[in-house]
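As written, the chain order gives the labels A, B, C, D, E and F, with residue 1 at the start of each chain.
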Amino acid sequence: MRPSGRALDQLREVRITRNYTKHAEGSVLVEFGDTKVICTASAETKVPPFLRGQGQGWVTAEYGMLPRSTGSRMIREAAKGKQQGRTVEISRLIGRSLRAAVDLEALGENTITIDCDVIQADGGTRTASITGACVALADAINWLKENGKVKGEPLKQMIAAVSVGIYNGEAVLDLDYAEDSTAETDLNVIMTEKGGYVEIQGTAEGEAFSAEELNAMLAHAQKAIGELSELQKAALSS
Amino acid sequence: MRPSGRALDQLREVRITRNYTKHAEGSVLVEFGDTKVICTASAETKVPPFLRGQGQGWVTAEYGMLPRSTGSRMIREAAKGKQQGRTVEISRLIGRSLRAAVDLEALGENTITIDCDVIQADGGTRTASITGACVALADAINWLKENGKVKGEPLKQMIAAVSVGIYNGEAVLDLDYAEDSTAETDLNVIMTEKGGYVEIQGTAEGEAFSAEELNAMLAHAQKAIGELSELQKAALSS
Amino acid sequence: MRPSGRALDQLREVRITRNYTKHAEGSVLVEFGDTKVICTASAETKVPPFLRGQGQGWVTAEYGMLPRSTGSRMIREAAKGKQQGRTVEISRLIGRSLRAAVDLEALGENTITIDCDVIQADGGTRTASITGACVALADAINWLKENGKVKGEPLKQMIAAVSVGIYNGEAVLDLDYAEDSTAETDLNVIMTEKGGYVEIQGTAEGEAFSAEELNAMLAHAQKAIGELSELQKAALSS
Amino acid sequence: MRPSGRALDQLREVRITRNYTKHAEGSVLVEFGDTKVICTASAETKVPPFLRGQGQGWVTAEYGMLPRSTGSRMIREAAKGKQQGRTVEISRLIGRSLRAAVDLEALGENTITIDCDVIQADGGTRTASITGACVALADAINWLKENGKVKGEPLKQMIAAVSVGIYNGEAVLDLDYAEDSTAETDLNVIMTEKGGYVEIQGTAEGEAFSAEELNAMLAHAQKAIGELSELQKAALSS
Amino acid sequence: MRPSGRALDQLREVRITRNYTKHAEGSVLVEFGDTKVICTASAETKVPPFLRGQGQGWVTAEYGMLPRSTGSRMIREAAKGKQQGRTVEISRLIGRSLRAAVDLEALGENTITIDCDVIQADGGTRTASITGACVALADAINWLKENGKVKGEPLKQMIAAVSVGIYNGEAVLDLDYAEDSTAETDLNVIMTEKGGYVEIQGTAEGEAFSAEELNAMLAHAQKAIGELSELQKAALSS
Amino acid sequence: MRPSGRALDQLREVRITRNYTKHAEGSVLVEFGDTKVICTASAETKVPPFLRGQGQGWVTAEYGMLPRSTGSRMIREAAKGKQQGRTVEISRLIGRSLRAAVDLEALGENTITIDCDVIQADGGTRTASITGACVALADAINWLKENGKVKGEPLKQMIAAVSVGIYNGEAVLDLDYAEDSTAETDLNVIMTEKGGYVEIQGTAEGEAFSAEELNAMLAHAQKAIGELSELQKAALSS
């Protein structure tokens, strides 16, 4: 029995709200239950120095948590002058994953910077961030197209992400904090809308996990990515 | 004529939403028109080292802006490893102002940390932050009282803040970004609900301002603080 | 009765010594009683990147205190690798105030950097810094003119600054450390030699202050700025 | 055909040299072909502050590369004052993986710090590091036991790691730099000597990878971990 | 012929002014010609953590230059957030040298922190700093004795320092900037008043120097240290 | 009697192994007894910004110690975000010394960066570094010549370094850690192969040292530099 009463392969209620703030070219509030992340996509018509003159664009991401998005207040990274290792890791993961959604050559010499800021955390912030950010990314790409900055179609495919894990010996989908903090294994799965793997990251927190457990978790993830892709499409067509 | 069509002494629509996020002891979304700030107040039953054993509490504040809360994306201070001078200044101003609301001895050896994070900026973020944060502070003090951490009444008085300025030669109240970016003078006024000055900070951006202009701005501010105090009370009693 | 025995509206003895060190284009030792600050103005015939090609100049300032300029030794900010918030704030205040003295277009593509280093502190270091720095600035502008780097007259007006406050319930002028450390309210006033306000910053350290108290403090400041302007002129013509 | 001429499931020549330097309680030079890493394990009879008084120990790791361990010189992180995100990620991965080898309660209030410093890089430095570091860890644990600092047996199981990937459409084992830099997918697998998964991290560099490809890569990894475990045992018994 | 017209073994005019600022336990302005350094010695009745409970004291030093103490403005290290390597080196040299003047056990659990801040530079700032700082140190030790914090006599001997060099093929004493910037060899010599070497640091800027040149430079230094010791004694007895 | 049983003027066994790692243009393992340092020389066909367009090259150096190269683990400087003062000092010393070996104009607009990383420390790491680095430097210069990047001969002369000291009242050569940690005086001598002084740095750790002691130490150093030069030549011709 899961603390939330959900079925083993049941997502939390997922909501994707576009145009959440007014300045960014793409701005999404994504909610996986009580996990809430503001994802903005900022388009700029230039590229970082290492890409100049190569006729391709760039997608990068930064992740952060408001200090009191969590149960006890975390130190503000800007005030400390240093990001935590976890923050750096997640920023890199989001950027790498979203680049799999984009044809960087078709993007031309434009950069899209994704900011994912967690305003309330209840487990699964990195996978919620990727799922929401991909919608903001699509909006920013549309902005570039509508404003004549891009000719072709840089969006190759949508990307979504979800966490799965082993909780009380069972493979479960979309862990909330109550599960995540005691799960034996935690696996983040990022996939394309067509069902290809973009990234998998699994960690045994306690005992090592078996090939069977891995397969059970991946099956949950695959099913959920299909549902999340539908929600992304619904949001983009609304 | 103001860009927004408001009267010279007219506030933008101000909204104060309590319990905006679920973890903090006080959590408020404050909106002054399109300026939106999440203010959380985190209570801890200990004090920083420099106050240990002195039988008094502490109130401090940190301010930040999401990178794309503004028209063009700002660098993420956590990633850069350094806060801007402006950020440090505003954090100090908010903390200093809110300490004027609190009897630190009555607070006992507890600390309340205020976080003001701007999710959308349209001028006046520091004064909106103070106005919203004081409501979150009151909620956190109530939490301490309800949980038996505090005996007496640490909240001496509510504090509110508003910006005034000289725009096109006229004293105007509550400048939005369109006004703020071209105003000749910008004055931030923080007052108690009883009408005492807690802090005033005025800067001539272009020409120096006169004693008459100062008085006209202060008159607008005094009237507005009365209105903001009513909004704070209404929010706290809802 | 003030600890120093001064009248309520009496300045400390103020001395302005030009050409205090030999390398800078402007170099002033300013003393307000026991507060002593070395103010240098360094002229460079270029502008920072954000102003390049815009046909205007720049004035900026940095403030620091020698570690043992105060009663107990402060940590050396260079060794710690971080400036205190107070240092950043004062640096920004000095730079902003001095820019009000200068016609940046008439300055042409030249930069003047002001360094204010407190060698002995006894209250009012930021206002002494501004008052002394404006003399160093005038010398640096003269150097630019004499060396043919500037054609017109970039110095629009002299600027001076003084602190006022409420001490023992009375408005007093030019607080020394004994007063400053216990004053109820502290107000820094920066004005042009013609009597316009450039910046006012007032903080209630204890109780809020009233409009009457504000007016009493501003009256002291206005009178003192006149006296300081005379001292600046005398120094520049000597 | 692989650039090195190896079979698809063939490891490079792996060498594990114990007691490589003289000061550390465990010191290993691990070589996977031309990839060479010095792994030291330093034992201390105390724990970090967050674990004090809890009757358990700690294992942590730090990773670095000599600036010219690579084809072109990398900036020295100590001189820059900041570790790259990649460095932080790998340090965290090594520490997390090795903690799976240890019973932290049996370790008692002792800390083992692993340092993995790459002196020559040719692909797979993180997996080589983990494989070598586990041998150094075992030596440090033995040192603690021999010196009476530990009573029971903190070493639960040996851990080894290897990279697999999709190169030219084929699943291959233990990628060297020539393969790694052009591989479509890169997957790092950390397993116990008994064949359980401790961590998997897979990234599609180009196209998404399929479930079949994932399974093919995992099969290579499983076989290789068995071989690496044998080499670890041989080294420890020599 | 030296640019200043001095004889090869002639010091610049050296002045040592005690009680230069009012807060520090020892405060000296030292001048070697146009090189001017404020040296303060701050006494504290505690020791750094690494010495606690060992019944001995500590002497340490920090060095800095005001940004415009030099011909062209240097970046402010506090603003940059990093001290230059040269600054760190000189701070360490001053501290190490002055510790040779003190019996740390007789000092008891007290710390003296020396700050040497160059307000005008014209060559030889590090040796001027040491020479002046030793006088400030003596004053701070006297303060500790007079205030009953120290029983015995911690001052073992006075220390002085001077630079020598090879300029135009000749050994010269006490190089000013005009010489220092083109000298072939620069040697800093720190000696006790009794003529023992505390530290020597010599660098060939161009050609290597010979044993004969070294001896000629050391002879100049030895003579000068005698003169500087007399000046220190005269200052302390005035 | 020395702890190692060596004669007063006897070097430890010195070994210089070229081509120690495969990527760098020059790569040397230098061993002075148990002190082992990897010295790499990286050649780049460009110069730092401050030298651009001046028709000359640059040689610079960085020094580091692996955290467990010493008896107790040192903090990793990259993780701390700050190099120790000692590290900065030694880096600067190595770079300055090696520049004495090179005709920077003959080097053309090329840069050689030396990295000296101590993998095992037993005293004298800085002098071993310089001695080994000069061989790596020679290899990198040869690489530049062989690849047509340099026309003339930038290598003016070989440089070697050794430490001497006063141990138990006697001048001794090439101190190991057992001696170095208790020596009264420590003197590092860097010389050209022709016997000119490039740099001397001597510090009295306890009592001041005399001119006689200085001369005795320098005599040991001079003899040893001859031996080290022979070893360098032998290595380069092998």
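Just so we're on the same page, a residue touches a chain if its C-beta (ideal position, glycine included) is under 8 Å from a C-beta of that chain, and two chains touch if they have at least 3 such contacts.
Chains and their UniProt names: A, B, C, D, E, F = Ribonuclease PH.
These figures come from a predicted structure and were not determined experimentally.
Trainee: Between chain D (Ribonuclease PH) and chain E (Ribonuclease PH), which partner chains are common?
Mentor: Common neighbours, chain D (Ribonuclease PH)/chain E (Ribonuclease PH): F.
Trainee: Taking touch as defined above, what minimum step count separates chain C (Ribonuclease PH) and chain D (Ribonuclease PH)?
Mentor: Counted as steps through touching chains, the separation is 3.
Trainee: Can you check how far apart chain D (Ribonuclease PH) and chain F (Ribonuclease PH) are, centre to centre, with Cα atoms defining each centre and the answer in Å?
Mentor: Centres of chain D (Ribonuclease PH) and chain F (Ribonuclease PH) (C-alpha means) sit 33 Å apart.
Trainee: How many angstrom between the C-alpha centroids of chain D (Ribonuclease PH) and chain A (Ribonuclease PH)?
Mentor: About 28 Å separates the centre of chain A (Ribonuclease PH) from that of chain D (Ribonuclease PH).
Trainee: Once you find the CA centre of chain B (Ribonuclease PH) and the CA centre of chain F (Ribonuclease PH), what distance in Å lies between them?
Mentor: So the centroids are 59 Å from each other.
Trainee: Would you mind listing the residues of chain D (Ribonuclease PH) that make contact with two or more other chains?
Mentor: 81-82, 91 - these are the residues of chain D (Ribonuclease PH) that touch more than one other chain.
Trainee: Pick one for the touching-chains graph, please: line, ring, star, complete, other.
Mentor: ring
Trainee: Can you give me the ring order of the chains, beginning with chain A (Ribonuclease PH) and going next to chain B (Ribonuclease PH)?
Mentor: The ring, traversed starting at chain A (Ribonuclease PH) in the chain B (Ribonuclease PH) direction, is A, B, C, E, F, D.
Trainee: Quick one: which bits of chain B (Ribonuclease PH) touch chain A (Ribonuclease PH) in the complex? Just the residue numbers, please.
Mentor: 21-24, 27, 34, 36, 38, 40, 42, 44, 62, 64, 66-73, 76-79, 81-83, 87, 91, 113, 115, 117, 119-121
Trainee: Using the touch definition up top, name the residues of chain B (Ribonuclease PH) that touch chain C (Ribonuclease PH) in the complex.
Mentor: For this pair, the touching residues of chain B (Ribonuclease PH) are 85-86, 88-89, 91-92, 96, 100, 191-192, 194, 196-204, 207-211, 214, 218.
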